[in-house]
Every structure is written in C-alpha cells, then in structure tokens.
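There are two complexes below, and they share subunit A, which is joined by subunit B in the first and by subunit C in the second.
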Partner chain A sequence: MRLIPMTDSLLSVRDLSVRFTLPQGTGMGVGVAVDGISFGVAPGEVLGIVGESGSGKSQILFALMGLLASNGRATGQALFDGQDLLALSAPALDRVRGVTLSMIFQDPMTSLNPYQRVGDQLAEGLRAHQGLSRGAARDAAVAMLDRVRIPDAATRARHYPHQFSGGMRQRVMIAMALLVRPKLLLADEPTTALDVTVQAQVIDLMAELAAESGAATIFVTHDLGVVARLCDRVIVLYGGRIMEEAPATTLFAAPRHPYAQGLLAATPRMATPPGARMTTIPGTPRSGAGGTAGCPFAPRCAAVHDRCRDETPSLRVSGPGSRVACHLVEGAP
Partner chain B sequence: MTPPLLQARGLHVGYPIPGGLLGRPHLLPVVQDITFTLQAGQVLGIVGESGCGKSTLGRALLGLIPASAGQVLWQGQDLATMNAAALRRGRAAVQIIFQDPVAALDPRMTVARSVSRPLATFEPGLSRAAQHDRAVQALRLVGLAPEFAARYPHELSGGQAQRVGIARAIIGGPGVIVCDEPVSALDVSIQAQVVNLLMDLRDRLGLALVFISHNLAVVRQISSDVMVMCLGRAVETAPAPAFYAAPRHPYSRALMSAVPEPDPVTERARLGTSLPGEMPSILHPPPGCVFATRCPRAQPLCHDMRPHLTADGPRPVACHFPEPS
Partner chain C sequence: MPADLPDIVAEAPSDPPESALAQQFRRFRRNRLAMAGVLVLTLIVLACFLGPYAFPFTGADADFDAIGQGIDLFSAHPFGTDDFGRDLLVRVLEGGRVSLTIGFLGALTAGVIGVLYGAIAGYAGGRTDAWMMRAVEVLYGFPYVILVILLSLLLGGGNLALFAAIVFTLWLTPAVIVRAQAQALSRREFVEAARAGGMTGAQIVVTHIVPNTLSVAIVYGSLLVPEVILAESFLSFLGIGIKEPQASWGNLIQIGTSAMTTDLRLLLLPATLLATVLFCLNFIADGLRDAFDPNDR
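Presenting the complex of A and B:
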C-alpha cells in the first residue's frame, strides 16, 4: 500500500470548486459542479476518480486543463510542478499543456482532426512544444505509434482518423498524449466507448506505458471494474464532493462510506448468484452540487439521520491513506 | 400444445449495399443463421461486441427489418406471411425497449400520451379517459407515481425515462419484450433498479424477454439462456448457469475475462492477458471461423473451414476445438 503525503505530490489540488453561470430564466443562477475538493497525486501513481453522471468527475480534469466551457469558472488551487494551474495565463498554460500535462478524452473520433493525417497530428505537438524538425518529429510519431501497437505504423501514420477503428483511434490518442513525455496524464473515460475485449487491450497498454514512462495518471471513470484493474488509489465522488478516498485494495475490500458501499454492491459481478435481484441504491444520482446543507448523498442514504441533512460531513482521515466524509464513520486519530 | 411465443429459424438479415455484380446492390450479411425458441418466462440473453449483429437481430425479431432468409415466428405464425392488419395486432404481443431511453420518447408528448399511444393501434375505440387510466396503471407497474403522467421527457432522469419506455411496452399486454441494451446508458445504481424491474415484470406478467447486451455480468443476472454472437453468427448457446460455469467457445471465454470486475485481486492478475487483434470487418469475413484471427487456440483448420453451431447435446458451440462441456 502506498501512502502519499501531500508534500511529495506532483499535483496538489486544494479547495477546487467549479461553478457554471446558468442562462437567465432557469431561475438557478449558478450551478456548482465541483464543491471544494482537495487531493494529491504522487509521481508515477495511478489515481482513479469514480462517480456517476453529474458527480463532477470530468469537470475536475477540464478545470485542470483550462478547458472549462466559457460559462464555467474554477476556484481554488492546483499546484503542479511548482505552478498553480488555475492561476496561469493562457500562454503560460500552453507551456504546460501538451508538455508536462496531457489529456486523453472519451471520444477519440471527435478529438482527432478528420482532415489531417494521423502522423502529422502527432508530430504537430512535438514541433510546437519541443521545436523538433519535421523529419525528427515524424520519426518520433511513427516510433510512438509502433509503441502503442499500431500495426505497420509507418504506413498508418499517413492515414486519416476515419481509416482507424475505435480502439486504434484511442491508441492514437494515447500515443499523442504520451509522445511529449508528460509527468501527468489526465484520462477522461478513455475506454468507455470501446468494446470489452478492446477495452482490455487499451487498459493493458496504459498500465504498461505508465510503468515504463513513470508518468502519473488520473483516470476518471464510472466503472469500478476498470478502477480495480488499473488504479493504485481511488477517490469516490458524489454531488461534486469526495465521499471516500483510499488505496484501491482497501476501498474494494472494505468501503466505509455508504455511497461507496452501495456503488460496489450495485456493480454486477460474475460471482453473484444468477437470477438473484441486484442490490440497488434507491433514488436518482444528483446532478451538480451545493445549494443545500448536509451530505449530498443523504437523500439516497439508507443510514441517514438528522445530522446528515443539516451538517455537511468533512473529509476525515479514517485509516492509513484513507479519508471518509460521513458522520457515521468514526475517524482514526 | 401452444406454440412458443417467439422463434427464429435459420434467420438471416442483410443490408443492401451498392457495388455488387453489374452494379446491382447486394446484401451485406449482418445476421446469419440464427435459430432459437423462446417460451413464456424465459429470458434469452444475447451477448456480443459492436457490429456482431445483436441489435439488427432484435429489430428483425419485431419485423422492423425484413429477414433475407429464414423465418421469425410469433406464436407459431411466420411474420413474412402475415398481412398488415395481422402484424398490427401481433405487435401487441411483441414489444421493444431501446438503449437511449430519452431519444425513444417524443419530446412533445406527455408521459401519459407516449405510454398510451400503442392502445390507439391495439385497442381502437378506447376513450381518452380509459387510455389515460391504463397509462397510469402501467406507470404504477413500473414504479412511477401517477404524477409522472403529466410530465414531458426532458423532465425525466435516464432511469425514469427507461421506466416510461417499459410502461409503453407493457401497456398492450405483450408476451415478449425485446430489450436492446436497456441499461447501457444508465448509471450503475440505476442499472440495477431497471434490471430488477424487468425481473419483477417477467415474474408478475409472465413475460419472456430477449435481453441484448454487451455486458456479460448484467446478462448473467437476468437470463435463463445465453447466446453469444460474433460477426453475425451465434458461436455458442447454452442455459445460463451452465454457460457461466464453463463457457465452451474461446470467444466466450475471452469476453468473460475481459469484463472488469470490481475486485483488485482478480483484476491485477488479468493485467496483460488481453486478447490481441481486432474483429475482422464484416465486409471481408474470414473464410474459416470468424474468431480464428484472434483465437489463442486456432489451428490451420480454423482458418480454412467454418465450424457450425452443432445442435447435438445440450451445449451447442461453433468451434472445431471447444472446451469440453
């Protein structure tokens, strides 16, 4: 089990909130997607952020990359490599993005330029950020495509995105993100759109490359199975807040927060007796955060009591490397 | 003896594509040689990856796409021989729910109108008030309170919209519902609610279900029988318990070990075991077994000769070298 003191963090996020100004007439004014969360990422570790739709998991990555929609605003602090990502000017951010920080998106088709050859798209980053010559950048791109196991990489580099299958396109995205040798890779549901056997290939590849390059990864997903396969540490997000954070082995063996317990119980697995009713969490996942006092999970929680509705539980240390935000869980000293 | 609710016999479905001999369109075979029988209370899980033909098969079972060969039978009656009026009546007995529950509802219709719409076809002459009452009844059966009747689709969550889709499917009193990836678009906590609801309705209404999904773990929960499809063909069919205890086809085994389970111990051990390669294109199917190019057990025979789904014994499998049953 790995313990990560905040001081050794590659990325240290403090009190991050993401708010969206909503159009007039909705009567809502401001929507809160992420509600004051803090966490760290150590060099080389794979951190999983798990949540259902509306939990704010993708917005965390968009905020770090400076890619929030125009009506969105991130507050707080995100120290990465000695700089606060949230306070950087656009040109300064451009010297970080695509250099030490890169991102893989869920849908590779809409992230690749359909009019540009795949090899040129890869080489572009190297030429812009590292000043490589055309020839050197092309060679590096082909070598990287080969590394992510695109067969016949030199020929494929001259092809356009539509000539690739979904799994191959996601490999291209991974190649593009890792080509610049980032210290931190942000991955937003990179395998969700893929078939299971292809998903398994891409996960294998990401695990291999993470170990080889030493880059840290934040892997955002709704799939606890994918987290179990790939991640060292897990953050469970609900309603824009961290419900529980723990080393993966701890979280899966003994989840403490009622939401983490419910999510794990509701995930279908091969070991449950067939034909049995599945364990559910009643109600509907809440979309967005803030606005109300108390625990965001209180309306769906089976163990809810009065205090949960009035007072927002703070995230307290609950064990080695673990934190839980629940009034019912006694914190360790 | 009453005939089975739903049957497919040597069913083939193809889509016309241009560029055949002399420029005539020819059929791209998307579903090939599918045979099964579905009785009341049975749930047939159809599993496969994108492009395996599972959704096309689902639509062909409803007659939404014509069969290019073979037959679909509703209560023993061949769809191809039924006239428009008989088909309309028959549709009351065979219904469908879709993957994207919100897109499956008309945004300008209230929930009550969407749900009761099939009654205009199946039970013409019913008064508006009676239609509304039946819609409220159906909503109650799927766990939605009467106040949902007046709402519009944009006011619903994904899980609620899927319940509305199910209410619309059951209002005509069907015997069979074809469920095309009914929980894939839903959050995990909601997925479980909808699967449970479908199991409850199966028990209460004596429904048979065709449950199409890419998720073997979900299929396991609800199915009595399983069919694994690969590139348009069934490669294995079996009763669900026997299938999950010991899948016989190498593709079934690969699918099963590729599904990530929420258990780091199992999963860490699976890292690095993924199957290389990709499915061949349906435009250029291999001459032999559809799985031969990726199969860890493939022999020269597998590349040359297509194995057929042998029907002898209780565990048919289309493989030259299957796991013993």
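Presenting the complex of A and C:
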C-alpha cells in the first residue's frame, strides 16, 4: 500500500471548485459542481474517481484540461509539473495539453472527426507538438495503433472513423492519448459507451499500456468493477465533495463512509440469488452541490443524525492513506 | 501480446478507405437526372472553350459580305451573323466562356471566403462571432446594383469590377450557413478532443471545422453557380457588366432583345444556352442535395 505525500505528487490539486453561472430566470444564479476538493496523483499511479451522475466527477477533469463550458469557472490550484493548470494562459495551456497531459473522452462515437483519416488524426498531435514530419508521425501512429491491437494497423490508419466499431474507436482514442507519451492521462468514463464484453478488453488494454508507459492516470467512472480492476487509489465523490479516499484494496475490503458502503452494497454480484431485489441507496442524487450547510449525503444517509445536517464534515485521516468525511467514523473528534 | 485479448476482426478490414464525402459522391453518381445535367453541362463548357478554335475567324472579326445573314447551317456562319457581320455562334460561345468563368470562379471565391469567415465566427463564438455576424448583416443591407456601379467607378469598370461586386454580395449567405454548422460542430466531442490535444484555434478551424462543413458548402455552392451566372447576365443586360465588344450571354441577350421583333434568332441562341446551363446546374444542385442530406435517406 502506498501513502503518497503531496510533495512527491505529479499533480497536486488544492481546493478545486467548479461553479457554473446559470442562465437568468432559472432563479438559481450559480451552480456548484465541485466544492473545494483537494487530492494528489503520484507519478505512475492510477487514481479512480467514482460517483454517480451529477457528482461532479467529469467536471474535475474538464477543469484540469481547461475545457469547462463557457459559463463554468474553476477556482483553486492544480499544480502539475510545476505549473498551475488553472492559471495558465491559453497558449501556455496548449503547450501542456496534448504534450504532458492528455485525455480520453467518454463517447468514442463522437470523439473522432468523421472527415479525417484515423491515422491523420493520431498523427496530428505529434506533428503539432513534436514537429515530426508527416511520414514519421504516420509511422508512429501506425505503431501505436498496432500497440492497441488494431489488426492490420497500416491499412486501418487510412480508414475513416465510420469504418470502425465502437470498441475499436475507443482503442483509437486510447492510442491518440498515449501517442504523445503524456505524464498524466485523464480518462473520462472511457468504457461507459461500450459493450460489456468490449469494456473488459479496453480496461485490460488501458491497465497494460498505463503500466508500460509509466503515465499516471485519473480514471473517472461510476463502475466500481472497473475501479477494482484498474486503480491503486480511489476517491468517492458525492455532491461535488470527497466522501472517502482510500487505497483501492482498503476501500473494497472495508468502506468507512456510509455512501461508499451503500455504493458497494448496491453492486450486483454473481452470488446474488436470481430474483432477489437489488440493494439500492434510497432517494435521488442531489443536483448540484454546495450552498447548504451539512453533509451533502445527509438526506439519503441511513445513519444520519442532527449534526450531519448542521455541520459539514471535514475530510480527516482515517487510516494509512485513507481519508473520510463523516461525523460517524471513529477517530473523528 | 497477451493471449487473453482477442482482436476484433468482425468488420471486414479489407474494405477500401472511403470518406463520407466519397460515399456522398457515390450516391450522387446514381442520380440519373443529375448525371445527365453534368454531361450536358460538360458538353456546353467544352463547346464554349474549344468550339471557337474550329472557326477560321473570331467573334470580333466582321464579315462585311454577310452582314445580318440568317440561319444557314451549311454556310461559313451556321447561325448567321449580327448587324456588324460577326458570327453569332462564335460570339455566343465566346460569351459563354466569360459567363461560365465568372460563374464558377465567382461561386468558388464567394464560397471559400464565406466558408472560412463562417467557420471562424462559428468556432470563435461570443463577442468575435457577434461582431463578425453584425458586419455580415450590414453588408446584406447594401443595394446590390448600386454597389456594382460604385465598384465599377472605383475599379475603372470592366470584368474585375463585376467579379468583385458579385463576390462581394454573394459570400454572405454561405458565411451565415457555415457559421451555424460551425457553431454546432464546435460543441462536438472531437473538437473538444482536439482542444484537449493542444490544437490551436486556427488548426481546429482548418482541420476539423471546415472539412465537416464541406458537404453543406458544396450543396450551397452548386446553387451559387447559377446565381452568379444569372447575376452576371442581369448586370450585363443592364449595361453595367460585361461591355461591348466583349461578348457575354447577358449582353448578347440584351442585343437580341432589341432586335426581337425583326429577328428572333439573335435572342434565341444565347438565351437557350443560358437556360440549358441553368437547368443543368439546378439538376446537379438537386442531386447533390439529395446525396448529401443526412435526413433525406
């Protein structure tokens, strides 16, 4: 088990908040998607961020990438390679994105330009950032397609995206992200849009390639199975706040936060007898975050008590490498 | 390579690479009417550009022995001559050169300017977009004939002024159409992926936005060609376009109209050719729209 001090971090995020200015007339003003979270990623580490829809997990990645929607604003600090990603100018950001930082998107069906040959799209980044010649970039792209096990890569590189299946397109996206040899790879639910059978292949491929390239990875997903398979460390997000952070083995063996416990209990298992009702967490996920006092999970928590509604629990160390934000967890003052 | 990861070979990887644009053109080639339009148009274009070389004289040479001769298919002047003894057929073909060149070049230039302008405005969005589109709206307000007269004065008249005036007024609509496309495209994930890959705005516009607007631009461009030809003819007809002694379909029709009551032939030949070209272009545009419209399949 690794306990990563913040100083050795490749990426060190402090007090990151993402706020959206909502259109006039909705009566809401500002929506908070991510509410003051801090975490670090060590070189070579695979960090999983799990949470349900609307928990703000994707917005963390978009904030780091400078890709927030035009009405979104990120505050806080995200030190990566000695630079604060949130404070970089647009040209400076373009020298980081696609060079040391790259991203895999959720939907492979729409992430490729339908009018450009797959090989050319792959080579684009190399040509733009590393100044490779057309031929050299194309060779590198073909080699990378081969690495992600696209059969007959040299021919396939000349095909257009609509001639690829979903799983193959996602492999192309993985190839594109890894081709520039990034230090940090951000993956935004890269398996959500895929068939279950293809998901497993893509996950294994990502695990293998991430280990091989030594790139650290932040893997955003709502699939705990993926996390168990891939991640060293997990952050459980709810309502834009970190509920629990722990090494993956610890989290799966003994979740501390009621929300993490609920998530794990709600995971269908092979041992569940057929016809048995699935365990669920009652209530609906809150939309947006912040603004109110108390624990964001309080309205749905089975073990809720008065203090949870009045006082926001802070994130406290709860074990080696673990942090939990819950008033109920032992060790809390 | 671990053995537990089977390759996906379900799709035939031997299919040749084919872009969406190539697919659309393949659909277009199955449209008989449109292909007939392409054929007739090609013949007319070839006739205009090569035909005059088959005659021992040019459209400017006057044959004083045959002034105002009528149609006699087996004489030196098959469609006769005009009041100055110039061969009508050769003049119509030479006029076709001017009209077709202005039509295609004008549509191309207006299309390229419009596509780039619209793509930049649509991708940039926000204040840049707002200012660029306000500029377009202001230009839309210019009365077109007055603009041509002004430009003719400014550029000393002639073909260049006409060309500039036509392009100046006709790039606006493609810009508006492409800008709407670019706005939608700029929210697509592959553009986001390109930004995540550190591409600059200019690179994204050129490699991602513009190619994706091409099928719309081609369809609109095919409607633009007849529009430009018609505009040229109209202006030449009014006497502010191509001027005598240079021929264009517009001023030939104008001469023909003035002699209409006595000799219909001077009007019919250029008018028939113009109408045929416009028909062909409209059939082609129709076929392109059918082949390119994703909602009409």
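Note that in this section the second predicted complex is superposed on the first by the 331 of 333 C-alpha atoms of A that agree within 3 Å, B and C clash if a C-alpha of one lies under 4 Å from a C-alpha of the other, contacts with A are read in each partner's own complex, and residues count from 1 in each chain.
Operating definition for what follows: contacts are C-beta pairs under 8 Å (C-beta built on N, C-alpha and C of every residue); 3 or more make two chains touch, one makes a residue touch a chain.
Predicted model, so just to flag it, every value in this text is computed and none were measured.
**Student:** Looking at the overlay, does A:Ser133 come into contact with subunit B only (first), subunit C only (second), both, or neither?
**Tutor:** Neither partner.
**Student:** Output check: A:Phe105 vs subunit B and subunit C. Expected answer is one of first, second, both, neither. What do you get?
**Tutor:** second
**Student:** Check whether A:Ser314 is in contact with subunit B, with subunit C, with both or with neither, and answer first, second, both or neither.
**Tutor:** After superposition on chain A, A:Ser314 lies in contact with neither partner.
**Student:** Contact-wise, after the overlay, does A:Gly125 reach subunit B, subunit C, both or neither (first, second, both, neither)?
**Tutor:** In the superposed model, A:Gly125 contacts subunit C only, not subunit B.
**Student:** Just to be sure I read the superposition right, which of the two partners does A:Asn71 touch: subunit B = first, subunit C = second, or both, or neither?
**Tutor:** neither
**Student:** Now for A:Thr155: first (subunit B), second (subunit C), both, or neither, which partner does it touch?
**Tutor:** Second partner only.
**Student:** Quick one: classify A:Gln201 as touching subunit B (first), subunit C (second), both or neither.
**Tutor:** A:Gln201: touches subunit B and subunit C.
**Student:** In the overlaid three-chain picture, which partner chain does A:Ala276 touch, first (subunit B) or second (subunit C), both, or neither?
**Tutor:** first
**Student:** Check the residue A:Arg229 against both partner chains and state whether it touches subunit B (first), subunit C (second), both, or neither.
**Tutor:** So A:Arg229 only meets subunit B here.
**Student:** Using the superposition on A, tell me which residues of subunit A are in contact with subunit B and, in the other complex, with subunit C.
**Tutor:** Common interface on subunit A, subunit B vs subunit C: 149, 165, 167-168, 198, 201, 204, 208.
**Student:** Help me check something: in the complex, which residues belonging to subunit B touch subunit A?
**Tutor:** So the residues of subunit B in touch with subunit A come to 49-50, 157-160, 187-193, 195-196, 199, 214-218, 220-223, 240-241, 244, 254-268, 270-276, 278, 294.
**Student:** Please output the residues of subunit A touching subunit C within their complex, sorted ascending.
**Tutor:** 65-67, 70, 91, 93-99, 102-103, 105-107, 110-117, 124-125, 128-129, 149, 151-152, 155-156, 158-160, 162-165, 167-168, 173, 176, 180, 198, 201, 204-205, 208
**Student:** What part of subunit C is in contact with subunit A in the complex they form?
**Tutor:** Per the stated touch rule, the residues are 1-2, 4-11, 13-15, 17-21, 125-126, 188-190, 192-200, 203, 207-208, 211-212, 214.
**Student:** Quick one: in the complex, what on subunit A touches subunit B?
**Tutor:** For this pair, the touching residues of subunit A are 52-53, 149, 165-168, 195-201, 203-204, 207-208, 222-230, 248-249, 252, 262-264, 266-272, 274-282, 284-285, 300.
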